[in-house]
Amino acid sequence: MQDILTLAGENLLSPMILCFALGLFAALARSELTVPEAAAKALSIYLLFAIGFKGGVAVADHGVDASLISALIGGIILSFGLPFVAFALLRGMTRLSATDAAATAAHYGSISIVTFVTATSVLASRGIVAEGYMVAVAAAMEAPAIISALWLVSRNAPTGQGSRMDAELWREILLNGSIVLLVGSFVIGFITGNDGMARIESFIVSPFQGVLCLFLLDMGLVAGRGLRGARGILSMGAVAFGMVMPLVGAACGLAMAMVLGLSVGGVVLMMTLAASASYIAVPAAMRVALPEANPSVYLTLSLGVTFPFNLTLGIPAYVAVAQALTGA
Amino acid sequence: MQTHKAKRVEIIIEAPMEGRLTDALKKAGVTGFTILPVLGGSGRSGHWTREGQVGRAGMVAVICLIRPDRMDALLQAAFTVVERHIGVVSITDCEVLRAERF
Amino acid sequence: MQTHKAKRVEIIIEAPMEGRLTDALKKAGVTGFTILPVLGGSGRSGHWTREGQVGRAGMVAVICLIRPDRMDALLQAAFTVVERHIGVVSITDCEVLRAERF
Amino acid sequence: MQTHKAKRVEIIIEAPMEGRLTDALKKAGVTGFTILPVLGGSGRSGHWTREGQVGRAGMVAVICLIRPDRMDALLQAAFTVVERHIGVVSITDCEVLRAERF
Amino acid sequence: MQDILTLAGENLLSPMILCFALGLFAALARSELTVPEAAAKALSIYLLFAIGFKGGVAVADHGVDASLISALIGGIILSFGLPFVAFALLRGMTRLSATDAAATAAHYGSISIVTFVTATSVLASRGIVAEGYMVAVAAAMEAPAIISALWLVSRNAPTGQGSRMDAELWREILLNGSIVLLVGSFVIGFITGNDGMARIESFIVSPFQGVLCLFLLDMGLVAGRGLRGARGILSMGAVAFGMVMPLVGAACGLAMAMVLGLSVGGVVLMMTLAASASYIAVPAAMRVALPEANPSVYLTLSLGVTFPFNLTLGIPAYVAVAQALTGA
Amino acid sequence: MQDILTLAGENLLSPMILCFALGLFAALARSELTVPEAAAKALSIYLLFAIGFKGGVAVADHGVDASLISALIGGIILSFGLPFVAFALLRGMTRLSATDAAATAAHYGSISIVTFVTATSVLASRGIVAEGYMVAVAAAMEAPAIISALWLVSRNAPTGQGSRMDAELWREILLNGSIVLLVGSFVIGFITGNDGMARIESFIVSPFQGVLCLFLLDMGLVAGRGLRGARGILSMGAVAFGMVMPLVGAACGLAMAMVLGLSVGGVVLMMTLAASASYIAVPAAMRVALPEANPSVYLTLSLGVTFPFNLTLGIPAYVAVAQALTGA
């Protein structure tokens, strides 16, 4: 317990989290501080590329084995399954319509890559190594949750609000920018291995944490602006859901990680993936597939409640639990 | 200079729907359109700015100059796409140069 | 398709005034507006481009579709804000789909 | 409020021609214009988006509010520049505030 | 004297100043070379974050004492007072209207953070250490000058041109992006101290001077375009003011620094702050508060005349004077 | 031969080329992955600045001599001459109109700076040194080809399609952004020499290859989108031209480099310059000067065919040939 608190304190006082807090503060105080959209997108491309590449190099280093495949399958199962848990919780804890609840549930089955990146950087700062292929697991978990959510809608929503799913949208989802970049750079890292790493190490390794700081500053700004715009949109129940669901997700992720026999680092990352909620790929898909679902609800929950929760309290808790359970 | 009567249709629509709208316009026989970026806006579904967004969120403005007789096909096509979505459609009378282009 | 008469008001104004203008529009009962970025322009106070600026300089275009009977309130509100500032206001007749939105 | 009749001319033109167009407009006595960015479009010469471009490619929209009696000089000037180029010109009737500015 | 010239020469031939000159040349020659707005803004966010963070770490390192508070007060006094000096000089040296003169005076009481950053990098390259809290002084000096200018207008301007000051505008000024980012990253640096620095050092320290080069290239482009657009707007008297005022400001800054008992580095930075003129925060505020004042006048003076003057001749002179006077 | 294949394999499996391939794949698969325009432009400014600066420092280091001047003249002769070769080939191999053929020919006389940058990074990774002034040669080769193309049009095109050349356009071409930045940073590097390099080395040297990776990712996206949009525009003959012409150009570049007596690295870079085709400066000039020429033709050829060809197969071949011929 002592440990968890120290860990949480350390995490809360890292430059990354403080940058996020600064962004949140600036947005809530209505400062006009902004990171230009193009710059934020460039930072996210850098982060995705670096994290994918490093994962690929790590896998090239340790060799591929069956555990990669089983971890992928485990991740996909979580992504399919978690929306059902989220939907049930939402229907119990809030008065959201079936459509809104299903759309929100899709976000919680999918993942937030920035939360994942932050977790890897917390692991790195405490010298905990994780399976390199967890990056591939992250990519694999982006989309399946959408299928579950659409199935939930088709079962529960009033007629006329059915989903507008078509082949085109599937292509968009499966080839969305972050999946392609993450998987692509993972493959590039795998192919070029340590030689490739040597050539671009001083670009993707040393400045990584600093770039993450600026990116989290922007995430804080965006989350804060979202929160301000959404005042009165979320009920107390919904806010509670935004903090309970990551814990439920993390518990599922933990169970899965134990079944898969992952290392401490891998357990933390699997918990983080399961606990995190999407706010890029899934919202865009929901706007097309379920236009009647209210974007303020799912965006505010995912970006304004769950994302900060994981960043500040969640990740240190997951690290502590993983260390306690694996006895590391 | 010689000008010709035409209509200027302006459709403000969610960015993820852009490709679907322009595909529908092309199918409806529209020969051209122009897409402008949008910084933010306000409507029944609230206020938003590009700064409060991540990813491919936000809206775009699609401008379409057409011959008056093609209007109905265009509006029909546009309406099918925007129907369930937030956004607005406005139509203005205008004149164009080089009518052979429309 | 069924369309309805409306007005399209386009206000080009200095970026630092954007928030004040949209606040005034909301107070005047305007239900929606869209903001477009501006790259540059020229007028009585000279030529400018975004490239010759630092910070929150430059201008934006605010587009507002309204029912004709709300026009005067809107213009009054807009005028109070832009009066002492550089910028232009133009009004066009237009038609809109889905009139219940305005 | 007191408004005055004017014309709104919208010229969508290739970015490398922007300077030449605005120079010609100034020579034709136009007192002001505003330039908006364009994200993409489609026409007889095909489909393009800013994302498929490098360098100073792409198009811009030039908006010009003028007194009706200056229209012909403007169109003449614009036409000379755009004649051999891809792009479109449209003209709309409008009303403006503060007529002394045009 | 020999020394000043060598120093000025060295400064003029540094990559930073040459990049600024390149930008100036390109703009005056009407090259279409441009740094995209979003990129320039991203560079400035990087610079503000890095300089604020480093300042905070330095203060954490040396401990906080009364001198921080007295330096802040000293800076605020300068920012309040300098506009009166500038206004008097402008009314004497030019035919600007009272409104234009007051608006311009506000710029000279406030500060240019890029000039400040360049001065810190000149100090760093000569191994001179300065008080870390000078970053906080810079932030504190941004806004007070605006009050003095508005008071000057209310006293001197024709009726109907009174300022449009309201609570909203005060909030905008006090929470403008650069103040929030500078103070925020200062606080983050202070909280995380050397541990935080170790994590992001390779992002904010090693590439700093290179980033400053590209940023000054853009500043050169912007200043050059401003100068081209403003031909004929500034009288000879106004141009002279743009070079005399920084010297007057620097002298006031020097006096204040001596009273405060700052180190050589601190003296240089205080002189630089007093000598520099704002071209971001104050112009935006003036457009709202004093729309009748002509922006070409104050922007061209501040960005086209005083900024290059300080960058090329001013800073080396301030260093030389500070070294001579403090006998360092 | 063995050697060429190994070299080509190594090159094809470098992170840079794989990033380009990833971009190409993403665009052809219609992923919405994009690098924001502003970010791509910022990356290109970084690359131009870094490459120019390093070239200048290298020249400052080795001293200027007559060989710089003769290499410049050699480059200019190539740029003037190659359009005639390209025009003849195009008229023989395709059915393009005289106007389209001339406009395309201009691109092949001019150069692609990204191809050049990639070649320098291949050289660096194999420890081959090249003349620093080749950067200046690259800048000198950008524009002359345009004159030859306009002369070809005036001789061969139907009346009414004459070129619209004026002083203004010449200014635009000669002061286009990349020439100004390349030459400017070359001069800055030359003036500040190793001292300047020491100050910004960790910005422009260590992260260089990583930045190039992200930039080539974007180039792959752009090239792929261009190819998709241009389906059916290029005949088989035109595509063949896009791969034959770089070889012809490289041969001319080789001959010129032998005459000039360049080092192995210099030979490779001269071949690369001659083999590469412009897709920034020349297209913009052609839109103004020859509006009737179809941009899809020249952009697709230059960016969609010749650029990938040089990147993947061309450069390793040029390295192998240069090493074989100079016996290095």
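Note that the chains are named A, B, C, D, E and F in the order they appear, and that numbering of residues resets to 1 at the start of each chain.
The definition used in the following text is that a contact is a pair of C-beta atoms (placed from the backbone, for glycine too) under 8 Å apart; a residue touches a chain by one contact, two chains touch by 3 or more.
What you see is a predicted model; the values in this text were computed from it and never measured.
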item: Touching chain C and also chain F, the following chains; value: D, E
item: Centroid spacing, where centroids are CA-atom means, of chain A and chain F in whole angstrom; value: 41
item: Inter-centroid spacing, chain C versus chain B (mean Cα positions, whole Å); value: 18
item: For chain C, residues that touch 2 or more chains besides their own; value: 36-37, 49, 56, 92-93
item: Chain E residues counted as touching two or more neighbouring chains; value: 32, 34, 36-39, 42, 207
item: Those chain pairs that satisfy the touch definition; value: A-B, A-E, A-F, B-C, B-D, C-D, C-E, D-F, E-F
item: Chain B - residues contacting chain A, complex; value: 14, 16-17, 19-20, 45-57, 84-86
item: Residue ranges of chain B in contact with chain C within the complex; value: 10, 12, 36-44, 49, 59, 61, 72, 75-76, 79, 88-93
item: Residues of chain A that touch chain E when the two form their complex; value: 13-15, 18-19, 22, 25-26, 29-39, 42, 125, 206-211, 213-214, 217
item: Residue ranges of chain F touching chain E (in the complex, touch as defined); value: 36-39, 41-42, 45-46, 49, 53, 171-172, 175-177, 180-181, 184-185, 187-188, 191-192, 196, 199-200, 202-204, 207
item: Complex contact set, residues of chain A against chain B; value: 34, 37, 40, 164, 168, 219, 221-222, 225-226, 229, 279-281, 283-284, 287-288, 291-292, 294-296, 303
